[in-house]
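For reference, chains read A, B and C in written order, and residue numbers begin at 1 within each chain.
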Amino acid sequence: MSAVTEPSRLATNKPSFVVCEGNEAAAIGVGLSRPDVVAVYPITPQSSLVEHLSQMIADGRLRADLMNVEGEHAVMCGLQGVALAGGRTFTATCGPGLAFMFEPYVRTPGLRLPMVASLVTRDLLSPQCVWGGQQDAMVVRDAGWIQMYCETVQEILDTTVMAYKIAEHRDVMLPINVCHDGNYLSFGVTRVEVPDQQEVDDFLGPPNVNWHIALDPSRPMGVDPLTGGAGGAGPRNFVRYRKGQVRGMQNALRVIREVHAAWGEKFGRYHAPLVEEYRLDDADTALVTIGSMTGAAKDAVDIARDKGEAVGLIKIKTFRPFPLQAMVAALAKVKRIGVVDRSVSFGWNCGPVYQETLGALYHTGKSIPVISFIGGLAGADITVEHFARAIALTRELQWGRDPNEPVWLNEND
Amino acid sequence: MGKCFSTLQFHASRCDGCGDCMTACAQAKAKTDDHAYSRIHILPKIAGEDVELALCRQCADPVCVMNCPSGALTKNADTGVIDWADSKCVNCLLCTAGCAYAGIVYDAEVGHVSKCDQCDGDPACVKACPNEALEYRTAARIFNDYADKEDMFCRGLSACHGCNSELLMRHTMRKVGPEVVMAAPPGCVPGMGAVGYNGQTGSKFPVFHSLLTNTATMLAGVKRQYNRVGRDVLAMTIAGDGGTADAGFQSVSGAAERNDPILFICVDNEGYMNTGMQSSGVTPYGSWTSTTPVGGAMQGKRTEAKNLPIIMTMHNCSYVATASTAFLEDYYAKLTKAIEVAKTGMAYLHVHAPCPTGWRFPSGMTTEVCRMQVRTNFIALWEYDPANGLRFTHPVDRPQPVADYLKMIGKYRHLSEEQVSHIQHTVDDKIAYLRQLTQMAAERRPAPAHKVAVGNTVSA
Amino acid sequence: MHSKYLIVGSSHAALEAATAIRLIDADGALTLLTRDAHLPYSPTILPYVVSGRSQPDNVVLRNQAYFKDNAIAFVPGATVVSLDPARSSLRLASGESWQYDRLLIATGASPMLPKVAGLADVPFHVLRSMDDAIHLRQAMGQARSAIVLGAGLIGMHAAENMAKAKIAVTVVELQPHALAGYFEPKASAIIERTFARNGVTMLMGQTLRSVERQGDGCLATLADGTTITADLLLVCTGVKPNIGFLDGSGIEIDAGILVDDLMRTNLPNIWAAGDVAQARGFWGGKVVNGILPNAVEQGRIAGAGMADDAGVQPFPGAVPLNTYSFFGQQAISVGRSGGPGSEVAEGGSEDSYRHIVLKDGHLVGIATINDFVDAGIMWQLILRGTDLSPVKSEFIANPQLTGRRLMSQIWR
């Protein structure tokens, strides 16, 4: 039986089409994945996502348990309980909510709980703001969660379903944040194709999330006893757990590719799993983007191409684990790069993607010039014009004109 | 395993020799006020000495029974009472030669021997005593019911000597059994190895180290999933007061508001005893702790403890009760209810847990300190549910002065007279407040007939 | 046959020994051999069987279920006829033999028959076994007159029963007073008076010279020449320990089997307890103290020792003790009625009696009639040597209350 059962939309065995915003696309993806429990706490710009889910549950279209809890902290904790008892879970949050969730959030990967949670990315306080930006996601990039950034509304739906398959893969067993940009994707409305429920069921299979760690009287165990400390087996044990976690992350690079390939085969939509190269093969100049900004960036690339400039684009979909090989391969193709971030790295006076791109560049064996662009903070739009400027500035590197500091794209808007 | 039985306990120091018990006994046994018919014999005070008592002790190796040639006396294997059968007795009085305490005596009025039969488990004398000098101790029942059940923890948890929490944990989990998931937020419970160290666990049931802040919610999640798959698993915690009243409070409050079907047991040792005796939100006024020390400018904690169990009642969750390990029967009764309640709604038990290490009293005194908390009304034993309101389960109408309690405990050693009388005053106020609540409960109007679904347990 | 623990007898001493063994050793083979055909009962109950107040099947002290539950082999109808300590074995009248690791002799006592001319030729009764009681009861149904020889407890009980059954009874007693073993003359006098008032002829200080058969009954002639005829003759002139089967066994015997404070005999692995044993007397020497509480206590000690109970407490010494109801009145006697260096305090009224014996502030004995004192407490005060000097006057004025207070204090 279908989990999302509204007849008009999803009762047939064929894919159907709907026009919806990104948050609803995520909700549809969640519904198709049949979670056992959905825990919600509203926060802008995530709210409509959990509202859609709540309505689906209220209507009986999604046969999940709805936990209305008192805050994001509780959201994550409740779901940890569900997962340890064997249930598939979902939630979504962003910005300050993620900050409040932090304590249990950082614990989830260590428990190797394969949860899926949407991060409807939002800038962090202060200054006070309620709009999109990727600062929240970037702050937790080393919390141990897998991060996949979506470019389109369709990709949100597809990635949400795929995320369960990836997270629950035995070689991975890690939680995943499916990130989509607050405002631009969360509220951006497009036509999306909704896959057939049966097909999704076949694709995902039943959840098996606590085979390795469980709170289950039929398999009594002490979950997360104190580990570490100086001397004895403590440090050794701790290292064993940590290395396992890191290994899971590295395995994910393979599994993400496999799952994306399988998805393409089954549903006909191929999304670049780790890194997308756009018009890159004969390019000497490339932009590096992440998330929904990529659409405008591609337009700007097309315009540049029309002008005869050898410009391409590298889009990062999977930022954690960092797709080193794919990035090295892409970066090796070009001579100069402009990296566009929607967040900042306070310590390095640049954007975090820029910083990590530099790290990948080291592995190419080449030293090429790179500019850090920072834009789209707190809901600001990065327009085609902004990208055209970024391309122009990046191309100027060939003449040795390096700004030597980040370029703040919306500074003079 | 052997059987234990209920006993009548006599507190000589509380007895003023009024003889009301004898009247009650004579009434119960012979419908007269004549003390000659009483089977309990209060032996009047003589100068400078306590009142004494002659009463059948229902011995385990009763010589009266051995001495009886007729088979009239038998030790009842179920009740432990030494039963006397009129139909067999030949009045030889040999039984009286077997008793060193005049527990069975010749009663000239009735013309045969007579002895206490504990009124079939409801002794009239105990109820009649105005001074609580007689106590019918039925705690043996606990042994009978639970001694054969498995201890759910390994031997040798590393709790401090005299630790009350370990006692509570072992009792609780023995009763709860294996169909459980237990959370232990940071504190003494995991500290003593209940969850374990380095891959080894101290428990025989599923247990996890929750966060200080999330215990209730995480349990709610566990319970959700088991409800979904139709398995009857109790989700519960034994948490410290920090994980309940302070950092843990939001989670507890949220779960209570949602009436999540979990059992939350707070072991209130009045501070962060596991990490070196720091003050918490339920540390009582005047307490020395390592963060409310005693010095020239500060004499222990300067603010009052928050009344967490009362706050919990304000959530309207299914069941709230306070308990003390010195009153284990009371605790078991509440635990039994709580386990049942936790199938559908939240049950909250607040167990007061004096800590010999952190409070500075000898480890052999723990239970005595627990008892004194109740006897002085420093804590009150009560229970609450939304339908019936609040009621005392062990009312103490004539409490001892709180000073008697305070002086047992090192953390109060520095208290000035003013501080002590301040504490007495707050204790009185607290009891008065609780009394008002019990009054309200007694006067409350009956609940409307219609039923509203309560509890956030809707499941597909 | 072999049993780890072998007990001869099935009465008080035997039963308490078995209980004590089972407290320590739950399954070591344990056997009770008894010559009696009945389930265990107390000889003390027999007067009430005689009177009809108790039914034989309603006075059973242990039933088959008990033996089954406690894995005890109960073997009735097994009369032991000899003991071979070298082989650790017993022989039964049936010829069967039993081996033991540890043996308890708890064979009690049997009636002692006086040397009275013609006794062997007349039908007479004794009272020690259930069968005796049943026969006596039957005989009483026919009899209109009776002679009870001996005014000890058994004789007095029987005489009362007979009087109540409207039989003309004469009690003949050698001693100047009834119950001389327990009461001093004043008390005995009260008791005798009560009997006389109830129609019993009390012939105290009289010797029976001869008896001869007369019809179904007998004719008795006293030393002073008085003759009495009666339909029924009951002989209650004391008891003797059942030790005949020990002849040649090498076991040390005086008035009974000599035992130490742990009820051990001189032979290895053999204990004795109860009416058959001669143990420490509280005031010195070794005595046979043929009373039920004594059998109970000695049985317990013997059983504990047999099972190697580390907590076994030595026998503190025998104290005479009796509680005696007659015609609705109560007589209680604990300890001695006098003795060198003791002081006596007497009390009581017309129909009551109190006799307290103290020595150096310690209780030596107390006897009362119609003035209830707790025999158990008095016994303990004697055994513990409780110093009564601080409460002496209170004790003399109110021994019951003072004794109870003292024991209550000790308890706490």
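Keep in mind that, in the parts below, a contact is a pair of C-beta atoms (placed from the backbone, for glycine too) under 8 Å apart; a residue touches a chain by one contact, two chains touch by 3 or more.
Predicted, not measured: the structure shown is a model, and the values here were computed from it.
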item	value
Farthest-lying chain, centroid of Cα atoms versus that of subunit A	C
Nearest-to-centre chain - CA centroid comparison	B
Centroid distance [mean C-alpha coordinates] between subunit B and subunit A, Å	53
Cα-centroid distance, subunit A relative to subunit C, in whole angstrom	97
Residue ranges of subunit C touching subunit B (in the complex, touch as defined)	12, 16, 41-45, 48, 53-54, 58-61, 292-293, 296, 300, 321, 323-325, 328, 330, 332, 334, 372, 374-377, 379-380, 394, 400-401, 403-405, 407-409, 411-412
Touching residues (chain side subunit B, partner subunit A) in the complex	178-181, 190, 195-211, 213-214, 217-229, 233, 235, 250-251, 253-254, 257-258, 456, 458-460
Residues of subunit B defined as touching subunit C within the complex	12, 41, 43, 46, 49, 52-54, 57, 63-64, 66-67, 69-71, 87-88, 90-94, 96-102, 105-106, 108, 111
Subunit B partner contacts - residues on subunit A that touch it in the complex	36-37, 39, 57, 60, 63-71, 73-74, 76-87, 103-104, 107, 214-217, 219-227, 232-234, 237
